[in-house]
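Quick notes on the structure that follows.
Going by the order they are written in, the chains are A, B and C; count residues from 1 in each one.
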């Protein structure tokens, strides 16, 4: 074994056991782990890849019972057994369910299904999974009307997802729900701020660590005149149709209001930039969004410039913005660079992006990774995939590149996996 | 030799001999291989690079005889002997013409020229070249009025190039030629569909495997109202000038008509996205087009969404879209990812793009490579360049990355080089 | 040590000592090297990274004396000791000032500060630095009203920075200064050309090797009608406000005039494309500009097409254009590809971009690197960083890739580091 390979193996051994904080997931606090194999195979990565490779959508119809859906999906999976997503499934099956095979087949899925069902019944299963994954805490994605009291705060951290508030205030059901939760019947900008304040207060007092919002490609942030916002809210509250300009005023007004309250509450804002929603019309559920090449973060600068005291933890969806994102982390004090999101979440992209970030962004401004998972089991293979790339980049680029020692490399690794998240989100 | 280097060498040994199907070339069926060294050196890669490095355009003037053109171009080539394009020339000279030198010089080109001329006279030369290249079939690019009967179907596969039909219907010569070939004098949308149907039928009955079209950067596909199309065709058929909106209607109407007929005939459509034509005004022939950074595939979504039953084999010209392309292959069922086109056709780009594709796209949806060549000789060095990168990526990323065995890696290689093309295009 | 590692080490040994010409810097001829440690730590890379990581801007206030500023900045630097920028500081401290530590701390900066002050007093210090850096010549960035007589032409080469002339003619102070330097009071297009001619003549007779201009993202070059230019100059000269269209006319008219005079004087033009100025409002001085993803060079084509006899040495700021830039170098005769600018100036980007350039662009059209430095000391670590990447790329890709021998690789290295610059800029 070469010196270089030894170094990498040594670093990897260390990095694999560094505990992580997962700052973005969609884990439901009330059902955090899989009850059946369907909960795992039903993850959109598998359904969308299988559908993309030709599987009929009817397979995953909720009406299709487990013993129809599971074997049919298993049959479809050899078309995608080259992917890292497939490898996630195999790794979690091995590490969390004692599955001993390298491929999932019609002959062996039953054993895995039984193991999933059996493990689901064990007490403290969620803690067992997190321990096996070296994950300390998992941030959630909560709707403004979620019940936060029921959340197990020892391992979960609530986060307010603000998309609905910013983009769907014209939806009457949203307004009604908002009124119910806040006891504020919004008809003016002041009402709106009052309601948002109540919402945020509730989240903060429940231990929320951040607000989060996803913005579409080429979203342009504008500071809005109070008058224009007032008009837009009045119309929306009255159920009247809004012009394009009024929609801009409404959305930006809501965005600025949410961020202003985050500022007052010292709450960082997670911004996920660039998902083109519903782009592919025939996709499976959660398999219809795409990145858009040619996008830019330029349109978000008014937000970062307007709130220098708010920390924005920023992710992009398109690889064509990977360098732009690192550059923002490099000079913009209130932007930290976060994770490798969704379509970027594979070693080929992580490796180069991570090398560039570690070469050019202060190490205290990098949130290394988050899982984006829907069930806790996926934290293990996802974080492990990242840890392996992290060890490789630190070995080859940081240590062999002469910029630091192995101990210093491990210090960087700890910042990226846990310590930065803890400092930034526990403010 | 390290274990890692051994693995790579072993895989490369296997991958180099996997036969390939070349799904996109410009080989003329009637003159598929070089008759003289000029036919090889005259390839636009060499003329454009030599011109770019300072060679006067007059060198390649058709009036300049071979013994003026060839030595002048040979003199210019040391400026570009660092490139992979130059290496293509040397590799094909060595493998197909017994050329024993590493550089082409004023002292040795005559021997190569003689060998080219001598080999051209041998019977079954095209088969000899394909055998040496491990290429089974070569797809052609045929104009709608090409004589398809003369094509040697054992090794060549006709493909209809649809650009003229979609973008040049306002050209009277095109309309006349179309009328001649189809016996339809187009003056309505119905005429147009009838004529296209006749064209496609002729191609399908001659064994055509696909239609192909190149779309410019930021091309926006729109479904068109029948009335608007009728007006546009009427004007164009009458030789009247069209407004911008009418041109949009004409082009999109023709595009949808072509794809609709492909749907009925179960013919995949090859889409090459992003060439900015005639961008550089002073270039040599075929050396004036450029990629455009910042482009996106978003504008093509209405096409993919409108024809879920048609397989689109998609290529992009700009590296800034490499990730977007892989993402489309990942979730869009009727999009397969095809090759590494033109300005992307070099190891530095192929390696990362290929790694990302193999990590994230079902292996059945990847057309690994095509040559885009004008003479059969170039298939050898181009496919071999690709095979070497493929072996390296599979060794380092797939096998060493723990996602599969060597046998599984070779299975992926066979899909990318041949089996996917055979399944997708022989439908 | 593997054969591969030996090759790389051998090539690196050779490449490290190849002398370089630095075609773009901001070194002030009158104060080319550091007089104090503050001159080094005050480089915007350190102040912006430290500020980005949380340091208060007041630290670098000019009013803050050295013994307030230096220790405060040193305290901030552990947040960024992972970066290549930090490594530049350590390498130059070691190589030029005998600093023996790997990290700069509150305990050891004083020794370095003393060494900087002591070295500053030694005769011929600028030559000593350049010799230690293997840099032969350093191009400057001169304002049109700079005193060129005082420049030490043995080591420095004047270059006219044209940004002010093209973008700030509406500024009265600029017009006054221009009138003073040229003795031309501009009120017509002819006056403007006369003044520019005088400026350029002065630069050429002082040994200037190029003009340089930075263009913002998505800048669109238009050839302007003489009448429109006349109107725009008239208004600007009269201090009247210009419409958007008139600003376009004024800027493009000035740009074409500058380039036309460069054409007549056989002066290459360095174009730096893509800096979004003042994007981040709260940054430190020189730390407020950002790249913009999604940008394209397409808008510059009218310039390259209009002046086929002028060599444009082109750089981009956004990684999303790296492939586009290489493609321009590939086919556009009068475009040469230059360096790795600013936000792209780190090994993760240089390595892939350089590999692609050496694979696809004639070796005579590559200006490998420039420093962009403000003090001579930074030439050493920057060029050495580049030389190491260059050696690695040539070893792995060029020699091991079978495209050339070690000697040929060194020939490529010499072209990229020195010989191309000498040929192109000494025309």
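Keep in mind that, in the parts below, contacts are C-beta pairs under 8 Å (C-beta built on N, C-alpha and C of every residue); 3 or more make two chains touch, one makes a residue touch a chain.
Given the structure is predicted, the values throughout are model-derived calculations rather than measurements.
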For this session: Taking all residue numbers used at the chain A/chain C interface, answer same if over half belong to both copies and different if under half do.
Result: different
Problem set entry | For chain B placed onto chain C, the superposition rotation in degrees, Cα atoms, nearest 5 | 120
For this session: Mind checking the centre-to-centre distance between chain A and chain C? Centres are C-alpha means, answer in whole Å.
Result: 38
Problem set entry | Contacts with 2+ other chains: residues of chain C | 2, 293-295, 320, 352
Problem set entry | Interfacial residue positions of chain B with respect to chain C in the complex | 1-2, 5, 48-54, 79-87, 276, 279-283, 287-288, 290-295, 318-320, 343-344, 346-349, 352
Exercise. Across the complex, what residues on chain B touch chain A?
Worked result: 2, 4, 293-298, 301, 304-305, 308, 320-324, 326-333, 352, 355-356, 358-365, 397-398, 401-404, 408, 412
